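In what follows, subunit A forms one complex with subunit B and a second complex with subunit C.
And now, the complex of A and B:
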């Protein structure tokens, strides 16, 4: 899922100031934590109340879309609701925001979230962890199913740097050293021969942004 | 036999080799570091020059190496990290180093950007240290850059790497050293060592590798420094006895240096090639440490 973090309310109020009628659009897709209808309603109330405290009368309406990254979903769900709307506040990830921009070119669209990573969720603790940077060149077969490009801050490909301590990373002692995890997993599963292999420099050409798939 | 550098010659022919370390100045003037170079010149074969150590800005390593060599005659070891330069910039600096007469290169991955005082900067790490060693090997042996394009004059340098004997688990570090040696590292300088037993065990574990080990020697200057290092420096193991001695003594610097002379005397019989004496930004203490080792006659 795509993990997002709320932008500070002051920042949102800052860019909504020139407008009056705001449509707050949630996303029922993979945005995590959930940013659906319930959260859109909460944001609407928050924006209206904070506006009042600053002598500003916003009129917010809350709605949601099945998947904000799908232009058909956005068009069919939102077209009946955008009459007289001055601006849209999107609660989706950055992909959702930009899809709305293309579907409704005449309306200013603003992000309510900072998009932070592609995460996996530990349901027991509600924690979320970044596991993949979508590099376009998967090497999980060589690294015991643990991605060093994502989980090692330096993106090292030939084993750990000398900064690990108690299995933790030099950059943040709260986080596991990806290469110690890889080493232990490959040792336990009899793959140390692969661990020993020299890996050549990464081909960044494969990962050049923006990526696209165009059907011709 | 001809040698690329005095360091290579010393490692091949001397019983015990000593290198030092200097930090480039946080200044547009080279003078301070030249004074440091003059202080240690007669007691080392060559000196490392660090590369924006702990991710803080100082003068470029390449320029500092060149000016030290030109103005004091002390041979340098150009430390090059992968933190601030991509593969194009790294390769140009290797070529430049050779053209400037710098003969030794120590390849490092580098501390992460957020460890220093520019935590908002973009970290590069286009290559890791093993890959940079590979790139230099290719330049030297095949005369090619990483794109496979021919170099009119390939560089001729003596290349080393870093190693940390105190890490736990140690096996990944040994595997990484194997890769570094495969990729042309002829010597390895170690993390600061305080417990000779750690080194003895490590030397046994790497006895299959053809690499000269220079053991990192940094005097402890106080019990507080020792405790800080145990907590913050990966692989640094300091015996309790050392901390006790530092607490009990009046002149802590003198005691710190004395304890390191004792460590050196214990590691001389091991299969190490020598020592690497470093005290960040304190060339005067590097000099003092070197003089104490010389005076003790242990080497």
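And now, the complex of A and C:
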């Protein structure tokens, strides 16, 4: 899922100051931690309170959309609610914010989150880990299901480099070396021949931004 | 006759209140249950019945001792003692009877409904059942556990003119005091048999089982799995993409799932999100009045039902001047949104009262509450309110412990300058 991090309230307040009536829009989609109605209400309350501390009366309303990256969804859910709204604070990922911008070109839309990465969730340790950079050229079949492009800071396709020590990465000694993980995984599953094979350099041409696909 | 202590159970019991005040001012905390050795026959019934193994018999002297550290003040020993040697400062027979007497005089109702805290507020299902058996206007008597009611009280109540008694204990497997519901129900059945021998009709005393449970609105659910991960009873499963299901047989009604659900799809019966919000906003309407009287700081206390006994059952509004109490089924149900709401509406401080560490009646609800509060504090730090929120751990076994916590909390926040974070905005 798409991992996001809350922006500091100060920053949010910075761009909301010129407005009065604010609609805080959560997203029930893949943003993690979930930024649904609870988060929207939390932020609307916090914005109102910090407004009062700064002699400013915000009027916030909280709502949520099933998927903020879906323009049809946004239009149908939010259109009845945007009357008299001066600005929208979106709690979705960057995609959600931009979708809203397209759906409501006349209203200023601001992000309440920093979108960080595509990651997996480890509930017991309350951690999120980046696992995919959506490069558009998946090689997980060759690397035992562990992505070196994402998890090796150098993005090596033929690793490991000489910097690994005790299975840890030289860039960050706290983190596992992706190539050591790949080696172990391939060994356990009897695919060491694949590990030894040479992997050709990545074709960057296929992932030139912005990308677009025909969906239907 | 043994000396009965009248404690501040009934509203008008000013004497009890005075005593409570004196007790809170004492240095040594008063303990809620005591065994009076002068009357004790050393029959060991209390020791064998105690669900927490808090009562033991001294091998040499034969004396019965109460280990207050283990005791959870359920009162089962009090109601079981054949010689009334166990004194309890909450809900003893005299205070219960005087409460019933007063309510009868005031309302004129002659039906009594005894509910356990685990089952009240009453579910619609239970209310329907009550209506079916013709109990519409009734005196409601709420107790932390029905296991603490001795048969003596039931007989006395009938003698006062009560015609029908309905007891609503928790379902046996879910009793917060392990054996209270079972022991209580058996006792009621015995009393029932006794009553029928005495010529009372069989429906004079009836028992209805109930328990508050969590419900999920599947149309709102997004299937994030937060509730399924949080549930300490393993009662929630994600059954289909985007749909969580609560197994009512496993649910114990702590409300943790409702407090973590990111889309507010889960509601706990009787403690719905909106109804708690409503109570907070009702309370907040009193703030300007308090402030104009100079009674500051005004604080809101989210109180776990099991962490405080007598104050929550006064059958009156839980507003004590600038301290307002809001009751929750477990500190696990404390919703960060409600705390924010309270601050937004202008409360100067919010205190969460949870049970002591090892004494949560519902799996570790207090620890979960503590975790959530510490993460909420980080958010509140952005509006300089982190010092105005606190969690305290208290137990009903020491009289007035909650009051002491409230007092020190008020002292603490009085020293912090007031901030204009909330209250009515001028439009």
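Just so it is clear, the second predicted complex is superposed on the first by the 214 of 216 C-alpha atoms of A that agree within 3 Å, B and C clash if a C-alpha of one lies under 4 Å from a C-alpha of the other, contacts with A are read in each partner's own complex, and residues count from 1 in each chain.
By our rule, a residue touches a chain if its C-beta (ideal position, glycine included) is under 8 Å from a C-beta of that chain, and two chains touch if they have at least 3 such contacts.
Predicted model only: the values in this text are computed from it and were never measured.
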| item | value |
| --- | --- |
| Overlay on subunit A: subunit C relative to subunit B, clash or fit | fit |
| Which of subunit B and subunit C A:64 touches, first, second, both or neither | second |
| First (subunit B), second (subunit C), both or neither touched by A:35 | second |
| First (subunit B), second (subunit C), both or neither touched by A:216 | neither |
| Touching partner for A:45 - first (subunit B), second (subunit C), both, neither | second |
| Subunit B and subunit C, minimum CA distance [Å, superposed model] | 27 |
| Residues of subunit B defined as touching subunit A within the complex | 82, 87, 109, 111-112, 114-115, 123, 125-131, 134-135, 146, 162-164, 167-169, 171-173, 175-176, 178-179, 182-183, 191, 234-235 |
| Complex contact set, residues of subunit C against subunit A | 222, 224, 226, 229, 261-264, 336-337, 340-341, 343-344, 379, 382-385, 419-423, 425-427 |
| Subunit C-facing residues of subunit A, complex | 8-10, 28-29, 33-39, 41-42, 45-46, 48-50, 52-53, 57, 59, 64, 66, 123 |
| Subunit B contact footprint on subunit A (complex, rising order) | 153-166, 170-171, 179-180, 183-184, 187, 192, 195-196, 198-202, 204 |
